[in-house]
């Protein structure tokens, strides 16, 4: 029952939110629900820490360290976003950006979104996982187009079209995997369970598996924001309400990446790690490269953050592709770090939007004086996201790069060296764009002060994670990370 | 014991930082508390350094916090200790100085973050030189950068300060990247996942030559940026003037020395044995930084920028010492290597002292006149009566005028250079001689530069209202500067003590003790400073000087006992003197602008406006500026290129969903083809 | 012990006492080249005596630096006089310093002079100071390099050691000869003689050293004038006793010192005569041609070192 | 549970080719309604194939799939699309970025790529249904290609549906269908996604007064 309850929490919250008409009540229910989820997740984490993995309903649900980490990210960022939503949505409602009744649906879809993402994490069946990932797209389309104005509709349309196409390709990959397993598992595979498949993956039909993984990485890669399939991402991220952008960037991308990783494990076992690692590295590096010019020259801060997500997903893919024990450890740590830091950035962005009603960086000046708290958090978040020590992302990047250098492969070495050059460029772009907003003479007309206490609370909640992981990784997390490393390396 | 002290000092710094943050209403009180705590912590650190230096013990601390992979480990050996000593002394004085200097900002701006960053900055520097783990090193290294970045952009309303901060941050990031990559490469051979420095200490033996060479260059560029060697100095003349003086004092005085620390750690511990050409490259870079740094300083009018360029020059001189030490070491001339190292480290200490003093005095000037442009100063010697002699001491010291400390290290550098004749390679021999000439030229140019800096700002008549109404700064500011001036004199007169201390470091680092060649030798209660090449005794020079002074004064008074001085206006061809008649800084350095015009590429515009009849000049506008060649021909085109490429590439996001689908489609098709093939 | 006390005093007496005479000698020779009778050989002494007795006028803009300068300059030159072997190759005070210290003590005097030139706020002073610093910046590397060559050849930067070692040379090696030439050029520049500076003029376009000391008067001027005379003599002494030390006493024996003294007079006189010839036959070069001249000296010094390394 | 079931039927191959032809009809037709009809026909063929496979293999849960296919893909979705076309009042012409000839040539190329990529796989295929896998990939890719070249929002939906048909066919012909629960989930997702897209087509029409998504170019760099 452990896992089912896990899934029920957001589902019940969602239903409660949509049934209760008064949004003053439903917003607190939403927070309470996500907080319960957070607590429950900690409990679940402890169970996994003790048992390594957990199956339920005849192997329909399966939770191991890898899914647990993703679920943790979902619940942490989910709680922060729920908290943030109160402040953000109230302010937007106050500004009459949308009718009040729509807010019910916002909370409903919000929790459905969380539900689908959790379903991705706990599904053992690869087909169900696919269904869940597609469901994340469906549940969020309306959130992207929440304001229902021209650019939002456009973004929503692009989002659903591109993601659905990608996901469809991924389904093809799933089918091909299934097909390649038929010689081993039998013609009628009643189950497409990951655990069952992995057990016999070394006897799969290799050519089919190759093709299958290709479809998977392109398909789920579309959703994960790997270049050149990333194109929906900046639009959707910039048009969605900020808490949703945070969830997108912090969690949704990781969920899709989680899908890739599951297949990566199977493919590595079937074909040897080289094939899938090379693909991961290629797409990873492309993502990092593609994000550079847009980070260097950018007008819209939310798009900037979005492109930075592409870069980080690329980095994680690279880390997984390098394939060393520590580089996977680092990449997974990076997943968490990025989720926290990027969500924090999007929250900062949301606060800026509430204050200035614009996403143009040029028209925002002197944040440090007008909104000191947001300003300071933004500075920390920017430093964190660009991998400046001592912040958390530096630690994970350092581990990944160190492992890459010690891998001894010339190919990896070239990739890593290029990556480092790109990281520098990205840093330049970030600082150049963001710090102009933070440190400058504010316009006279802007009123000083923060917009909402809830938003600040949510930001502080994430900030704690950023700061703690910078200096201290809890032992439970370290165990989980090394378990993930073992899972991915088939050790 | 030392561990407790170390933790104590960290705690004090951290407490100080928090105090500054906590006080919202009484911000100055918070700041004072934090400065005082910083001063106490610095005292603790001085105690640590001295204890380590004199007990010859290396102290290790491992703090078992659960980091992702590492433990926070620190090591204080004598090399660290000598740097801790320099850093803490300057920190102490800077903290005390800040008590006065920050009055400049009272009620004008939010001061909470100043004390916070200031304390963290001091703490980070201490941690940098003690970190015994690559990851910890990188963390504290960047911590140092970040907090100093915030101190640089403290007055962020000024766009120049912002630009300075950004350039500083970019360059520092590149610096961190290079150092990290150097660590990665070394790590790929030792493969100890704790990243402990102890594992790197044997890296030099197991690494192949090619990797070692790569690491050499990575480290050179990485730490070179922080040290500000040419042409990587870009950030330095921007950031140092932008920071408040009490910060630039620390930045220029000791922060850039952490890079020197890095050089020594890498080149003398991790990467040994080294081929001779490494040392030669360091030597050449040192010499060129020295000469170029001072040439640019010479033409500066902003006193803090001038001092910043002068830091580039001094880093060059330090690098000459270190490069020589490397050369000697690779030829296995260990005693000489140790001598050159002593020269280099002595100059590190010296530069820390006199550069902080200079920046402090520049701060005093800014405090009382609110300008940094020396063209607008003048006549300050009569208004800042205490600051002026302090500044003079600093100026004499940096110009290596005996008997002050600058001369001692310069002399040691010369001695090490001259000992280059023992090296078997002719090229190196000639090179050392040429470097000797370069140092001599640099020395002369430094003297010119600081004659200008002192003369134009303190002497003659005040050239502006600011200078006219200058008042002496608060007592605490010049008292703290007085301590530094005292140190300048002390380190000049009693060099043997300091040299033997550095010799301890060398004994550990190079495994050779040359204490017997720098023996003390008593005569007239003086101790000489001897090497195997020559000897000097600045103490006796001073004694002789005082003696001669007394005799001269006595004799002169005997000749004409009724001597009187008449005070009268300066003779200016019959017109009554005006401030405009005084020589300006631009004019003073003009001969150099003409002689070195190939380097400076000066541009000047003269615009004359006439009154109605064309014979009477109404006004003349004279604009003269020099082209910073590295900025113009290297950095600017590079950044333009990157930006234009980015701008061109951005069209791929056309906004059309069809095109986006095309990307996916093409990716799919190409990958399918590639896999089939 | 007597050696320790007498010889330094003797050195200072010789340098301080003879230096105005050298100036008078050069002036006299030059006058004769110009078909004038010239002033007395002892005219500089009279001038100094007169100046010492006079009162002084001081600019109201000037600060204590202005008053300190003459003393600093004079004292620094006196210290140098202790460090240079004059009559005997053993300099008792040689533990105090070496040739590098000598060069930097010159810099000390120059530093203060340049400061005081700016102190009065007159344009002439500043111009003189600026030019002086420019020329000395150019001269210093050449001087260092030529001295280094000698130092390297003899294994010491201590002038007394150098002189002693040089005594064993019968003939100057080509390398040393090049150094000698380089040093000679530098000395002309450092001492402010034609073709670098004209010590007789007070014309604003040409003056360098004179520009700096334009505002001094009375005893201050006397000290500075005397110091500059001594500087010339010391520079010549360094030249003579490092490159051509033949006949110099190596201990403190009375006959040795006498011989050494006369030889010293002759050698210095010879070089003073050479200076007079040069001053009479050349015009002062333009300020921005001076770097070329000093560059030549620098190249000669570099050549000297290279020849030394390659030949030995 | 190793149970080798081999379905060898030339009929399936023929049906596969028919499906491909129906897909190419998408490309070659100029009328929107024809496209929807083509989709309905192809779905029907798919349902037939599904029924045959269910029958031949004896895996009876595929009959359920067949039923759902008939209901959703042959009836509900085409009906919904016609409803949208009528409701939004779209002009019946299909607008394309490429000319028909060029589109056809490109789709030929795409089919070639599908065969080329699967070549090493179908070599080892023991059944007669060697064409099934490449053809299903080809259908998917051609569907994708339709999405790229067609301007209207509704044609993009059709392209997506074509892709999905390709998938279903691949699943059926190669592995005899996926586990039932997965199939159900997939059907549900497709239905929901088509509905959501339909809603957006309507909204876009409302806001932009056109469903030519060439207009959707505001968000760009």
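Note that the chains are named A, B, C and D in the order they appear, and that numbering of residues resets to 1 at the start of each chain.
The definition used in the following text is that a residue touches a chain if its C-beta (ideal position, glycine included) is under 8 Å from a C-beta of that chain, and two chains touch if they have at least 3 such contacts.
The structure displayed is predicted, hence computed values, not measured ones.
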Next on the checklist: Per the definition at the top, count C-beta pairs in contact and tell me whether B-C or A-D has more.
Outcome noted: B-C
Item to check | Farthest chain (mean CA position) relative to chain D | outcome: C
Checklist entry - So, what's the distance in Å between the C-alpha centres of chain C and chain B? => result 35
Checklist entry - Between chain A and chain D, what is the separation of their C-alpha centroids in Å? => result 30
Checklist entry - So what's the Cα centroid distance for chain B and chain D, whole Å? => result 70
Item to check | Centre-to-centre distance between chain D and chain C (centres being mean Cα positions), rounded to whole Å | outcome: 100
Checklist entry - What parts of chain D, by residue number, touch at least two of the other chains? => result 117, 120, 144, 147, 156, 213, 216, 218-219, 221
Checklist outcome for this item: Residues in chain A with touches to at least two other chains are numbered 157-158, 161, 165, 169, 211, 234, 294
Item to check | Chain-chain contacts as defined at top | outcome: A-B, A-D, B-C, B-D
Item to check | Touching residues on chain A, where the partner in the complex is chain D | outcome: 125, 127-128, 130-131, 134-135, 137-138, 141-142, 145, 148-151, 153-158, 160-161, 164-165, 168-169, 171-172, 174-176, 178-179, 182, 185-192, 205, 207-208, 211, 234-235, 238-239, 294, 303
Next on the checklist: Going by the contact rule set out above, which residues of chain B touch chain D in the complex?
Outcome noted: 650-658, 661-662, 664-665, 668-669, 672-673, 675-676
Item to check | chain A to chain B touching residues, read off their complex | outcome: 157-158, 161-162, 165-166, 169, 210-211, 214-215, 218, 222, 228-229, 231-232, 234, 279, 290, 292-294, 296-297, 326, 333, 368, 372, 383, 386, 388-390, 394-396, 398-399, 401-402, 404-408, 416-417, 420, 423-425, 427-428, 431-432, 435-436, 439-441, 469, 471-475, 478
Checklist entry - Residues of chain C touching chain B in their complex? => result 52-65, 71, 74-76, 78-79, 82, 93, 95-98, 100-101, 103-105, 107-108, 110-111, 114-115, 117-123, 125-127, 129-131, 133-134, 136-145, 148-149, 151-152, 155-158, 161, 214-215, 218-219, 223, 287-288, 291, 298, 301-302, 305-306, 309-310
Item to check | chain D to chain A touching residues, read off their complex | outcome: 1-6, 57, 59, 117-118, 120-121, 124, 133, 137, 140, 144, 147, 153, 156, 160, 163-164, 166-167, 170-171, 174-176, 178-179, 181-182, 185-186, 188-189, 192-193, 196-197, 200, 203-204, 207-208, 213, 216, 218-219, 221
